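Next come the structures, one after another.
Heads up, the next two complexes both have chain A, just with different partners, chain B and then chain C.
Showing the complex of A and B:
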């Protein structure tokens, strides 16, 4: 599959290069849906310029990137376009390899289950075959590279592309079973933006299952593995944080980066949920609502990981979606990452209930974002409520999408255990409801 | 006999007079200014800022009464209170609630009205950089022998004065405008009076010579208004200007009251805020500066019937011996501008480079992780 992948990479790079050369690049790099105060390229350039003038880039509210990004771009600022295209390519290749490996494992598990006669007889049509799974990795890479969201994010030179690359490498190393690399990439991803911390649960579950450690909190080996992973994760995080201190010689970056992510001082409109609420809020409630909103991101980890104990990769997908929807400064680049995973669950399409509605709403909202922005800011005939309505609708559609896939996944698992045609005790047809 | 005494007295009187005139010819050149100008600005609009217009008009009235003609007054009023729809007594602007004094009078000549009162126009008037089409009544045509009175009133804060509720002038801009005036020799001495909240902040940044400044309140204090009038419905004047007006009503063109009396106007017991003044840039002793040097247009004219011989060089009349701290070097126009201090040198661009320890540490770590993951056996391919 190297040849089609290479072709895909060439096509993707060509599209991005063509857009870089056109006049759209400037237009796109100013759109608030694509860049946020955390990821904007303009701010990276500004921070580097401040550094050249001898001022700390974290003074003032301009620069909110981590020092490793400063180091990275200090040498690569002239080759920024190639860097971001390369980041997209790395993400796509990493996702490709991840999904290929995952499919192998899925198929292997399925084979064992078939041989152990664990499936009821009437759900054989739900069994997946290698033939249908053959093109899924390529589709995943295609979904990521040719997604308009990714292309916009890359052309805008948003550092979200780098975050996605680190996350993709983290997922790759987890799937391959490499505990050290997984901890290192997770600490890098957490260092960039705090929210990937929730992925540690999924990574732990996956790695434990891969090493046949029973996922039982009463067993010592469970805690020992968690301790090992935590030690590696915290150690690498500590090393990276100290190294960042040595770059500029000060701890300024901690409030500028993490304080900024957690306390959300900048209320520029974006596709997230925070800005409108916090613009309207009274000061004395601000801390309370800040805690509520931030806990909301981390809160779904535990219930989801309990429910999806056996399926950590789906858990990773759901966590990525939850992070992209509820994080403090989301952009379309974050959405592109979890949307790339959709071909992996393409076998669930027969159980999806709302997919038409959701895809229509997502498409419409994506088209309406620039329209209502123009009406609000330039024409003056709309106001922020209009834009926030579209934001809300977009996020609701994403949540519906994710919960729909969740429903379909669980339903398929249920059918695989209890058979496809469910009957009540008296023999009449039963329906399955997600409660 | 009586006629003889009278005649001798008269002749001695005449002779002494003539000697006096010759000796006192030096007095004609002691104060330094030959003409007076006034720039009076009210920066607030809307009916509830009635008092600011009343402030400005009361100073206008005093200045006109003491002799400065309309051609030498630039009056800028941001709103029209006399003809405002809400004025129950149209064509009047009162300063006190008993309607004692209509400061609007019969012949008010407003040069900048309404929306023309902007920061840009104010600064252009001061510096003289007006478009060629500006009429003479809207220009400050002062020269290096002019004493200028500048009176500002409105809403202000620490370091700024609000114009028209939409823009502001900062104390730095004002100081720079005065410096421009000094460099273009547009004033001999300048008296700056401001009646706003935290007014003292507006004169903190002055750095040009021959400026004297008064403010109605210090930084951190608010300037308060006087009483409201229940019939008109708004506060009629601000306290400081009210007591200033009271003080000025007692001044007549021959009055010898000096600046020290002006500093005593409106003490804290009457004004509630603490008026401030600044005289360190003023080269004369404030006690020797008369009120009419700024507020009036007093010509030094002495009528004599005889010819006076002015072949001897005229010496300036001795001034009061100044105390040590007021002894200042008189500035000449050439060398009072420290150019190199003012024009900032652009700092040389030196590129920031990440510290070597950082680079070393980072790459060591990356290599360590790489070898841990992929095994030591790859090491032999490197070395």
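Showing the complex of A and C:
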């Protein structure tokens, strides 16, 4: 397995290196779909330039990266291309290892269930074979590395690639069962962009499952584990935040990074739902709708955790998708991360209802983004509504994709419990509905 | 020190003029050229020289020569009865507590246009800042006096300009000003809440001048660190007390002129101000009116200070319209008025006509001819003027009205190119990014000089300072000083100040990239597709003077004065304003707020709905519901106690 992975990495790095050398790199790095005000490389360079001029990068409204990023690139600015390629490679390898480990566990669980005769007899075709699972880790790495979204994001040097790497490392350390590293990487991801906070529920569920701690709020061990994890998480977050304070000597970065994420003052168009909505918002409703939209990301965490408490990895996937749809400055790099998990759920394909339609819409929208952007901004023959319409459609497609996978997952679980070919009372073939 | 320097320069001027005209005035012979010559002439010079103690020489400073000499071809009788009262008046009358002077400078431009510059100066020896309230106003306008004392203003400069001054065609103006409104104020260092005071002050000035100065807020106010030094006395240069703002979109018209005229002691009833009729003043290529208030020294030792209010009005008339045929102009033609008297309250009231380019009368002819000639250093150049003193009845002649008339004979002659000149434009296409190019021309053949460039760019053009390049002659020209304050969205603009050395005979190009922001729909102007204005860049510099540039020794000069090329007045201060920019921003669809709110909320609801659906419901086998007839039958069967169908 190492050889194909190495080959894949070489191909991916070659593509990126070639694109860095081409004239496309400048074009890509200006694309609003690829870079947001939070992640644009141009703004990182601006922050470094401000630092060189002796001006605090947070005194203006151009730089919104965290202090650690600016110090990271203070030393690595000349090796930025290598850094971003490396970040992608790290993400891919981490996802590869994660999925490999996860598949082993899935297989083991399936084996126990089979031995215990827990599955209905007609569910044999739902049972996953090691053969079909063998290439899934490689497919995941490939889905991440060769996804045009990831490539664009990497060539644009969007710092989203770094955030993805941190998230991938978090998922890896969670799957490997390393509580401390999981908490540290989660706090790092939270520090980078608040939203990964919602992943802590999934991490807790997984780690408890792994350590055979029952998810029962009457049990002391449950609360003790949560306290442990929270302590590690908050502790490392505290350390990181204080470190940032000592690097810059001021708390200016808090409003400039987190205030910026939460209050959405920059209405630069992107693929998300926020920009046009808040450009057209009536001023006195602004705060209300801001809260409504921001709550969306955090709102689904608890119900999803309850529903998916047996399947924390799927919960991680769902959370990543929800974050990338409802976050305030989404880019295609965020989407690429959760799209990379799709091969893991390849066994759900028989239950997907509208995958063809959704993938067509996603592809068409991705092609139409630059076209309508050009018509609006450069040709002047279209207006902002055109671009806005495409972002709406793109988000609808993403929502449908995610909910479709959620539906398929739930349905498979239902079948695994009640059998695949369900019969009505009168013996005719039954259809399954949600009630 | 500066006073000595000036008197020395005045002395040199006298030498030069003596050698040129070979006619010594009767009074002039008593001054044997020693160093106190400059103080004897009139109080104006004394205050001017004392005013120079300020760090930065004022642009408009003119070192009036002590003598007013008659040209050789003038009649001797003229000379006697005009020069005697002129020199006698100021020295005999005791110094009044306040003093008003008015003057009009007319300069025929090479482009065929006429540049007329009115200056009205009120000096008042008082102290607004002392605790006792100043309540008795004579010449000084009460409205401004109250503003000064209420807001603890140390210096106030305000200008309203319609049109753009074309430096390359017209040369340097006496008082530069950017298109639109410009306001810069130095507050006393006793002011604690400078921003609050500034906000109140702009609102008050907005009322006084009937202008939209109330639109000055933190988003277009900057605190330049080096470009705007106080012009009056006082050496506090902490730029925390300075506020500078421009409104490039401001349109200047009659409603701004009327309150401005009301500040004059004579209003528009008498004196030069009768010429200020708006129907003619605004029928011009360039119109600029300004008010400058600053503390100046009363005497050359600067023991007492007085407040100077200088009201200026600069107009460029385009009289060279096709169809008129011959080129000539007169006061009546320009202003549709003639002059009949000086303002009775004015201690001096004069008209100057720049005849430097016309020494022998070969280009144009001025009538009525005047016996008085004056010389002055204006913007590094030695200019000769015909002087008409309105305080003498003889000026108005027998018809009791003065209508100056210039008739052109030839249209030749070329202008010396201004040594410093700036241009600015936006490059790039599309509504996403762009690049601001600022070009600074140094037309001096062999000397380089440093300039201070000030750029204040609104927040919605996000500047990227790392893309800043400064290049002259194709080479990188690193600024020796950069002061950059990045913008805050909806709070404050970008401020970029830098000191650049301009190599001789070169163009220096400053470029910086920016990104156009999408604003909230309520933040756009009512005509958003017209674009947004960005105020002029300000280029301030000490420019080597033209006199010092003069290397040909053909002119007859004493040998001892011409060995070292650079004299004391080797450089002069110049401020050049570039064009304002008009930048388009991407716009949302303004008719769509309800639609957008509905559609986006629908998408969010789709997300919520589909997840809610899956979260709360469970899978069940669909049992087909029985038909209506069957259900009714079942109910009946149930009542009968029979098992249902």
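We take it that the second predicted complex is superposed on the first by the 433 of 435 C-alpha atoms of A that agree within 3 Å, B and C clash if a C-alpha of one lies under 4 Å from a C-alpha of the other, contacts with A are read in each partner's own complex, and residues count from 1 in each chain.
Everything that follows uses one rule, which is that contacts are C-beta pairs under 8 Å (C-beta built on N, C-alpha and C of every residue); 3 or more make two chains touch, one makes a residue touch a chain.
Remember, it's a predicted structure, so these values are computed and weren't measured experimentally.
Annotation for the three-chain superposition on chain A: chain B and chain C clash.
Judged by the touch definition given at the top, the superposed model places A:280 against chain C, while chain B stays out of reach. Of the two partner chains, neither chain B nor chain C is touched by A:96.
In the superposition on chain A, A:53 makes contact with both chain B and chain C.
Look at A:180: by the touch rule set out above, it reaches chain B but stays clear of chain C. With both structures placed on the common chain, the touch criterion links A:239 to chain B but leaves chain C unconnected. Once the two complexes are overlaid on the shared chain, A:225 sits clear of chain B and of chain C alike. Ranking chain B and chain C by residues of chain A touched puts C first.
Applying the stated contact rule after C-alpha superposition, one finds that A:247 touches chain B and leaves chain C untouched. Once the two complexes are laid over each other on the shared chain, residue contacts for A:42 go to chain C alone; chain B is not touched.
Of the two partner chains placed around the shared chain by superposition, chain B is the only one that A:71 touches, whereas chain C remains out of contact. On chain A, the surface patch touched by chain B in one complex and by chain C in the other comprises residues 53.
Residues 429-433, 459, 462-466, 482, 484-490, 494, 515, 517-522, 586-589, 592-593, 596-597, 599-600, 603-604, 606-608, 610-611, 613-623 of chain C touch chain A in their complex. On the side of chain B, the complex with chain A involves touching residues 347, 349-355, 357-359, 361-362, 365, 369, 372-373. Looking at the complex, you find that chain A touches chain C at residues 30, 32, 42, 45-46, 48-50, 53, 55, 59-62, 265-269, 273, 275-283, 289, 292-293, 296, 300, 303-304, 307, 325-326, 376-378, 383-385, 388, 392, 395-396, 399-400, 403, 406-407, 410-411, 414, 422, 424-425, 430-435. Across the complex, chain A meets chain B through its residues 51-54, 68, 70-71, 74, 178, 180-181, 184, 239, 243, 246-247, 249.
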